[in-house]
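Got some structures for you, see below.
Same chain, two partners: chain A is paired with chain B first, then with chain C.
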Partner chain A sequence: MHQQKLLSSRSLILVAVMLAALAIFPTMVSRYYIYLVALMLVTGLLATSLNMVLGFGGMYQFNHAVFYGVGAYAAALLTVRGGVNPWWGYLLGPVVAAALSLLMGLICVRLSKLYFGMLQISLGSLVWAVVFRWYSFTGGDDGMHGVPVPPLISSIDGAYYFVLIVTVVCLAVMYLIVNSPFGRVFESIRDNPERAEAIGVNVRLHQLIGLVIAGFFGGVAGTLFVTVEGSVFPDMLFWTLSLEIIIMCLLGGWFTFLGPMLGGGMVVALRAVVGIYTDYWTMVLGIILMLLIFFLPQGVLGFFTARLGRGQAAGEGD
Partner chain B sequence: MDSASHITLAALGQQLLVGLSRTTILFIVSSGLSLILGVLRIPNVSHGSLYMIGAFVTYSVATFIGGQTGFWVALAVAPVAVGLLALAVERGIFCHLYEREHLMLLLFTFSLMLVLGDVVKLIWGSDYRSLAAPPMMQGSFSLGGMPFPRYNLFLLILGPLVAVGLWALTNKTKIGKIARAAAVDREMVAAMGINVSWVFAFVFCLGCLMAGLGGALVAPTQNITQGMDHAIIMEAFLIVIIGGLGNMWGALLGAAIFGITDSIGILVWPQFAIVFPYVAVTIVLVFRPKGLLKSTW
Partner chain C sequence: MLRVQNLRKSFGPFLAVSDANLTVAQGEIVAVIGPNGAGKTTLFKLITGQLKPDQGQVVFKGQDIAGLSPHRVCRRGLSLSYQVVSVFPRMSVFENVRVAVLARRRQVLRLFTPAVRLAGKETWEILQNVGLSDKAEVISGTLSHGDSKVLEMAIALGNRPELLIMDEPTAGMSPEETRATMGLIRRLNGDMGITILFCEHDMELVFNLAQRIMVMRQGTTIAQGTCDEVRCDENVQQAYLGGHGNA
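Here is the complex of A and B:
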């Protein structure tokens, strides 16, 4: 492998400009747009966390929404039922999601591809069914509303900056993971698990670590969702959302690092825009997905980076 | 779980029979899914949507014609209508995607599910509908002191008939044998001068027809609503997985496990009844991750 810097100077400037734009943005627009962009960041983080295993690990994680939901529920339940300081929720929510991911991973990791995904989905449905029905603890199908948020970040501006900072930190950490020796090995497992095994890589262990990382950051996205919305509901764990997150990765491009971020943001923005004109958002999403599969299977960012002829534009080529 | 103490044997027996009649519908839907999975290797997420369309079409046809005949006509019309819709989709769009990887095919059928869900909303609105069973199937008879609905008995009788019919179709007819051969080695079948593309179209159409039939049969037993597609597809997938992908008898076994654990769950701990089947599925998959019976994959 040739030596390369972690980030080329060009993409460093691009990232700096984007960050500056995101930082000054709330001073210029109304509350609704701040809320919307915060939600885009949360969803983008969620999609990026899935892409750690989906795009970089080649694992069919079909239940990723479960970790998002469990992170959010864990944080909400700790504050509402446990009565502890809400900050603990931010710390423990992702840890609970990661622990669940580890548990599910231990059961599923020996299977490959579609079988792996199907077992994940069945375990995920189990968690969803419990959350959906346990009225006395989780609020059942109503979910929980008015979850307390620390005063510092309870205003919309505070929530936005908190989401922005956490998202950027998480993205940076995930970027470092992807470009670490672990990340390289992980990608080699995606490309050829047998060969990776043959050169002495412990494939199952790497996949398990990947799952835990993805579950952790999925949980972080869940706690951020609580910050923005102040509520949790069982649909956050439902399998249709899991597949929607896969669409986001596909839309942005799952062989690029920032693709899922873009895809997640695009889906949230599209839903907001389309929602103004019609009730039939899912049909629009379905048609977008069909067109994508036919004409743009490498995703929007993947398409542009291929067009530009440099895999470095997004920081991570193949 | 204090209700567990006063479960009588009769109640248990009745609940078992209810579970078995639920099994019939689950089997019909999941056998179609299994057929498509086995031959085309496609996890058809839109299967549940076709089931929902089957139920709505049954409602519309049955109420339009009305009376005794209405339901029986609807029972014939709905599966055929769903089968034709599936054929159109397969020939129009789907057959161009067979070379893609599984994940893309799965996502495509998911997009189809999203579109069809909203199409149903467009045509039938978002209110729920309910359809009475045809007059001769209404009411119930006594079973050890507990009432058992006649319609459920009809389902109990129909289930084995459909299973045998499907078995005969795939094992005894020429097209069935070709389809099974195509599942094992599609290149070889093509080399024999058979148009595999049309075999796939037939199988896809037949599988989706089963979804429509399941939807038609379930119509008198529950509210016909938006969202019934989400519920059934997950159940059908899990049934197919625990039974063994592509194995029709596996689908029957899986459906029985699902139907019975669900009905026992309702008796033992109603609040968490929906958790029971998932627990059963998880236990099966932990010990036999590739399903109980031999998969065709």
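Here is the complex of A and C:
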């Protein structure tokens, strides 16, 4: 009657091959590339977490970097100022991000579309300003450097594998959520919130839960960034980064599950390459965005899934 | 089952519904008729919670539901099928209905069970019942108008309502589609025991289908009764049927 499986066998093989490649990758390349791929994974996870609400919930979350930054800062502050074990920092960072997301969500969720996004930006800027100015606590515009990382994952290889494992686990959990009843209903809210309400869905509660989930995984990405870089800085919360994350989702394909992962990886790689030649990275990003809107409105992965004749495989994520 | 009393709603200075009264008994098919702008759609939106009434009562199964939010109204067993097609356009026909079934079963907050394992059988039965099973995988935004209207109804049925309210169910349909829809409405009422309240401009359909009719004019109920009573009512003849009693 209908497919009862979450992943087709073809996608499973594809995923297995990709994982194997990522697992043996560090044995073959220099430290720099290991670092770069780790950063791609972190950024991809960040973009995927935004896409939970952007692509699957239709919510214009314009301040997603705040949860990334707050997750990272929470982990760093707990470790450095609170003196707790770094592992606890990793665990609590995302929880703090999720709690902030809940708080902001409670304020914003009654607003729709653009108004929601505008209020999110202003609340996010508020958090950024606090982090930026509170020198005695957050280190102000210098950020914090040399954040202790557990010995097990302090080498670049260790950090890479840690990032890889956590990212894969998070992606798996988010994939489950997207394909759960919660995810289906979230998509229906994206398509038509009035009708969703009329069939008995508590739309605001649903959106609020979606925001908390997105904030949590954004926070996870933040703590992974601490693992890779060993430092945090206020730019991580700034609205320009939020915008960049949105572009990653659009670039990869915001109606596909893995699109944002791809988009995040592409932006990080491009920035590394372009950075060799010019300081004007944002200009290049602007041009990419223009080309994207004109030629690939569905994003790269969206374009290819359409080409493969699977048309609207949105949400199937394979 | 449903009793609407002295319902009133204004939008600024404009009085959309000034004094609406209506009763629907269990198992009935009741039609609301009236010229354009009489307030039929507003009345339905007031009943289902999309709009909050300024005053008056909406009593459903003995409880006043006026002013409750739409999802609460829906959970009490009252579903609306829209006049203007209102589906989930990026999702497949099957998922459109599945979502409604999940909502009724209160499974929407499940985070880690794959949705493909839930509500499949019931969704399939609904699609077969309304005749959309061959289009289950079609993205609903690409359906023809007639099919979209049927999907509208299928979504409402996913809620397994006790009272189904339909706002112009056959508007814009071809004659064949209209006939099929009439048959469907009869089946829903006869076989599944769903009480039906609808409004429609097609008088032939109204007099064929409805057991009782309520007539609205400028936001006010001017008559309610059986088809014959309404047909003979003087007010109705003047206001609506243009004096041709047996139209």
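The definition used in the following text is that the second predicted complex is superposed on the first by the 307 of 318 C-alpha atoms of A that agree within 3 Å, B and C clash if a C-alpha of one lies under 4 Å from a C-alpha of the other, contacts with A are read in each partner's own complex, and residues count from 1 in each chain.
In this text, a contact is a pair of C-beta atoms (placed from the backbone, for glycine too) under 8 Å apart; a residue touches a chain by one contact, two chains touch by 3 or more.
Keep in mind it's a predicted model, so treat the numbers as computed, not measured.
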Just chain B (first), just chain C (second), both, or neither: which does A:239 touch? first
Does chain B (first) or chain C (second) touch A:286, or do both, or does neither? first
Return first, second, both or neither, reflecting whether A:304 touches chain B, chain C, both chains, or no partner chain. neither
Touch check for A:35: first (chain B), second (chain C), both, or neither? neither
Does chain B (first) or chain C (second) touch A:87, or do both, or does neither? neither
Please work out whether A:177 is in contact with chain B alone, chain C alone, both, or neither, and reply first, second, both or neither. second
On the A-aligned overlay, A:25 touches which partner chain: chain B = first, chain C = second, or both, or neither? neither
So which positions on chain A get touched by both chain B and chain C? none
So in the complex, which bits of chain A are touching chain C? 1-6, 173, 176-177, 179-185, 187-188, 190-192, 194-203, 205-206, 209, 255, 311-312, 314
Considering the complex alone, what residue numbers of chain B touch chain A? 43, 45, 93, 96-97, 100, 102-104, 107-108, 110-115, 117-119, 121-122, 230, 234, 237-238, 241, 271-272, 274-275, 278-279, 281-282, 285-286, 289-290
Residue ranges of chain A in contact with chain B within the complex: 60, 107, 110-111, 113-115, 118-119, 121-123, 125-126, 129-130, 132-135, 238-240, 243, 246-247, 250, 279-280, 282-283, 285-287, 289-290, 293-294, 297
Residue positions on chain C within touch of chain A in the complex are 48, 50, 69-71, 74-75, 79-80, 82, 86-92, 94-96, 98-100, 102-104, 107-118, 120, 124, 136, 139, 155-156, 158-159
